[in-house]
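Structures follow.
Each of the two complexes below includes chain A, the first together with chain B, the second together with chain C.
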Partner chain A sequence: MSLPISPRRVARTAGIAVAVALAVGLVAPLVVTAAGAFVHADWYGQRSEGAAAGGALGLFRYVLGLWSGALVTSLRLVGTVVPLALLIGTPAAFAFRRRPFPGSGSLETLAMTPLAIPGIALAVGLLLGAGRAPRFGLLVAGHLAYTLPLVLKTVSNALEREGADLERVARSLGAGPWKTAAWVTLPRLVPGLVLSALLVFAVSWGEFNVSFLLATPIVQTFPAALYLTYTTNSFPVAAAATLIFLAPIVPAFLAIQALGGEEFRRGLSV
Partner chain B sequence: MWPLARLAAGAFSSPDAFLKVLAAGRYRTSLVNSLALSTAAAFVSVALAIVPAWVFARERFPGRDLVRTAVSLPLTFSGVLVGFLVIVMLGRIGAVPKLAGLLTGRELFAGSAFTLAGLFLAYLYFEIPRAVMTLEAAFRHFPLELDAAARSLGAGPIARLLHVTLPYAAPALFSTLAVTFSASMGSFGVALVLARRFTVAPLEIYTELTAFLNDAVAGALCIALAALTFGVDRLFARRSA
Partner chain C sequence: MKLEVRGLSKAYGPGRAAVVSLSHVFPEGRISALLGPSGSGKSTTLWMIAGLTDPDAGAVLLDGRDVTNVPAEKRDIGMVFQSYALFPHLTVLQNVAFGLRTRGVGKAERAARAREVLETVRMGGFESRPVEGLSGGEQQRVALARALAFRPRILLLDEPLSALDAKLREDLRAELFSLLRALALTTVYVTHDQAEALALGDELVVMREGRIEQAGRPAEVYHRPASPFVARFLGAANLVAGNVSTRGDDLCLPFATIEAPAGSEAGPCWALLRPEDLEVVSPAEADFTAALASAQFLGPVQRLRLYAGRQELLLDAPNDLAIGDEARIPVRMKREKIVLFARGEGETPPGPSVPPPGAAAVSDVFPRIVN
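Entry: the complex of A and B
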């Protein structure tokens, strides 16, 4: 005699229900925040500072004006860190995978350590190591420490997946090492490089620990400004700033997921 | 590597700072708090992640991609943002107290964002997506034959989960514990926004550095925190091999 409802179906439905409940719970605060940026400020019982600007769009314009300096710093930082990380990380990964030299193994381990130590410790070490001279270069150095391991890992994976056979063929046909790298290795690394760039962008845009500890009123990244907004501004302004923060990073994250970027499983340092 | 070397050099050039960190109540408390909170968050988030990770790895259902994206989205939130979201829900005029006020007439949980429970919830908020994604990757490689064999021998779904899947998944569970634990230990933004009467090590490091300009103690705390994280991480990782 068979049961009208199989235990397997019950387990499956219950499992899906748990997953959906979890998703709803995780997204709910975001929905409330998004609503906060668009609902009329008077709803909260007090006149919001940005409300005078008129409507939700006015609120966003107000926030953009308030933190334009931090936004520009963050954009400059990302614009510097992404190319630098790729320019340093790609040849390094190539050397580690294809041309190992004495000590390259330990060098690689060393380059991966920033992922293994608490983010705050790295930030403090950087701050103490460079003296109390917070400046843009220091921010770049801190972000590179976080993002280089991601590039190394992604590009190494791509190199291992592709194998060295075609490179050997090219060499045997008379192509020099540079020609081989430019015409055989690099073109096949493009998906890995795109993924690396997205990962570096997402981490650099959202990084808080280094940015906040090294921040000055002049050189300040957007996540650091986000903290100031949370502690000093009204809820609608904070909500709008949150949405501005998420606007570039969420699409980048979706693209990373679509490309199968497992490296982002650990997410941003919190 | 240079920053780490500088940290170590600073700590060893002033060993009394180290002693102070290990002996003085405030610093030791912050380290113990971090350790306890991170361990608890790791275990609870992994426990809560098992079912969703299994569902994402094994089941196909309409809206699966959407649900999965929603669960993994918090990976892109930095710590301060998570802290803010907890205030949005559980702050003094948060959404949950307001809703409870509408339903029951009493604003329950108002301000609980700033209690230890609120901090713990924040840790769970950023740990659960990590745990789900890490476990899902492991569950995807689970050999279906084992499950089918157990079923053919008459084991029900719960018996199969307990006697086939979980033992097989134990290494993945331990490596997920390591991942979530390490992330919690270094977590700074959440505590910066939420912690009031409760302190964790990263927050204490920040206070020493910026409020008291006490580089030596901050450096020593960093070393202690890194060593603790590394030690427990190894402990979990050894069982995951």
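Entry: the complex of A and C
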């Protein structure tokens, strides 16, 4: 005889309820923020600076004008960090997987440590070590520290899954190291590289700790500006800035999900 | 093209020797089967010949020229991997043409030549297929075509049939072998399957623990094994501890004494009696009688498991021989087939014990139960 309500069923329903609650809890602030950008400020009991410019569109135009410098810095930064991380991380992952040398295991572990170091420590370290360097350079270095491990891990996983037999066979067929890389290894790595690029983009674009501490009034990233706008501007302005910030992140994450949520998860399970 | 290895050695770390000072001349235009249990160093040897593994010592010579320091891609050696390792991002034709592309052969010509080779392995019509979705046998043929298309000087095959299921393996074997014979390329074929090695090789090289135990024509190695290891590794073998009398004329086995083969050395020995070298005869002709433990019908023969005293013996009897309920079976040994090996006192038979095909029967689990 089966009970009308089985324990398994209760557990499943409870699980779904928790998942939905979690999702709502995470998305709700976003909804409020998004609403804040479109609904006029008085609704929150504040006067909007941008409201004068006329409507939501005016608000966005106002915010873009206000933080154009930060936006440009952030775009330049991801434009530099994404290719650099791939250019450094891919050969490094290849060396670790295919041409291990004495001490390469420790070096690989060392390369993963920035993920565990607080951004503040890294930023202070960079300032103490190379405080005279151009600030943009320091930002690039800080972002690379956080994004290189992602590239290393993703590309390593892809290389490991692929195995070395294809490269060996290519060599036996007369392909030297460069032809093997160009005709066999890299084509097989394309999904892993695209995934890496998206991950690096998402992390670099949203990185706050290091960027905030390294920011100067002239060189500051968009997330750092976002913090300023929340502390100094009215809510609708901050809300509009948040939406601008989210605009490229959402498609990036959707792409990551589409490309291989599985690979993404495995890539991060160090 | 003549292939020779001289003093080739490789260790994967201290105490983990894979190949130990291996020297051998592979006959030109012939197929050499490199046979051995797993871990005997046969694949490592193949990889060193291909240039994919660097030897710790020794040399690889092609037509007398030392190529030890020539990188794999410049050796012109075709290789078929156990995993086939077809390029998944390329079509069948692009896979086969790869070795021509690396050599700068023009697009039209390499397509034509790849097509030609695909025809010879009976894979015509598959040119534009992606390799994904090909069956194991089809992949094996494409891998072979790819290794041949650039007209290599030497062909190496690393267990090319072991990834296939038994039925398909049998079917492909004959086809692959006749193709390889027709090519008349110097070929090294690594396998752990003795039937494959016996059927294929012009030359059979048996390896054990990184060394060559014996090399020769398959029939010669089978009938005149150089050691008990080779005897047991190739086919089923009864190895019986015996003694040759001081004058060298009597062979004393636990269950019979017969005339020793000419030129036998006195002292303890192992006598090799293959199951097919024992026959069921009339009591008058028998050397000894044995108790029947079990009989297995294998098709071409029936394999009897006998006990002559406490000595277990396998005997292959004709498949139409009626085995009655008689408790004692009269057995004769084919004198001229007996091979003797020197034996140390108290020595157990060396080498892997290879179970006879399909022998995992009740009698293995309960060997003492005699019906």
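Throughout what follows, the second predicted complex is superposed on the first by the 254 of 270 C-alpha atoms of A that agree within 3 Å, B and C clash if a C-alpha of one lies under 4 Å from a C-alpha of the other, contacts with A are read in each partner's own complex, and residues count from 1 in each chain.
Keep this in mind: contacts are C-beta pairs under 8 Å (C-beta built on N, C-alpha and C of every residue); 3 or more make two chains touch, one makes a residue touch a chain.
Being a predicted model, the structure only gives us computed values, none of them experimental.
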Quiz item: Is the arrangement of chain B and chain C around the shared chain A a clash or a fit after superposition?
Solution: fit
Quiz item: After the superposition on chain A, what angle is formed at the C-alpha centre of chain A by the C-alpha centres of chain B and chain C, rounded to the nearest 10 degrees?
Solution: 100
Practice problem: Scan A:Lys179 for contacts with chain B and chain C and give back first, second, both or neither. | Solution: second
Quiz item: According to the contact criterion defined above, which of chain B and chain C contacts more residues of chain A?
Solution: B
Exercise. Using the superposition on chain A described above, determine whether A:Thr232 touches chain B (first), chain C (second), both, or neither.
Key: neither
Exercise. Determine, under the contact definition given at the top, whether A:Ile249 touches first (chain B), second (chain C), both, or neither.
Key: first
Quiz item: Touch check for A:Ala170: first (chain B), second (chain C), both, or neither?
Solution: second
Self-check item: First (chain B), second (chain C), both or neither touched by A:Ala11
Solution: first
Quiz item: Given the touch rule stated above, what does A:Ala116 touch, chain B (first), chain C (second), both, or neither?
Solution: first
Quiz item: In the superposed arrangement, which partner chain does A:Thr216 touch: chain B (first), chain C (second), both, or neither?
Solution: neither
Exercise. Determine the nearest approach in Å between the Cα atoms of chain B and those of chain C after overlaying the two structures.
Key: 27
Practice problem: Would you tell me which residues of chain B are touching chain A in their complex? | Solution: 1-7, 10, 48, 51-52, 54-56, 59, 61, 63, 67-89, 93, 95, 125-126, 128-130, 132-134, 137, 156-158, 179, 182-190, 192-193, 202, 205-206, 209-210, 215, 218-219, 222-223, 225-226, 229-230, 233
Exercise. Report the residues of chain A in contact with chain C in the complex, numbered from low to high.
Key: 163, 165-166, 168-176, 179, 183-184, 187-188
Self-check item: chain B partner contacts - residues on chain A that touch it in the complex
Solution: 7-8, 11-12, 15-16, 18-20, 22-24, 26-30, 32-33, 36, 44, 110, 113, 116-122, 124-129, 145, 202, 206-209, 212-213, 223, 226-227, 230-231, 235, 238-239, 242, 245-246, 249-250, 252-254, 257, 262, 264-270
Exercise. Note which residues of chain C are touching chain A in the complex, please.
Key: 50-52, 71-79, 81, 83, 85, 87-89, 98-99, 101-103, 146-147, 150
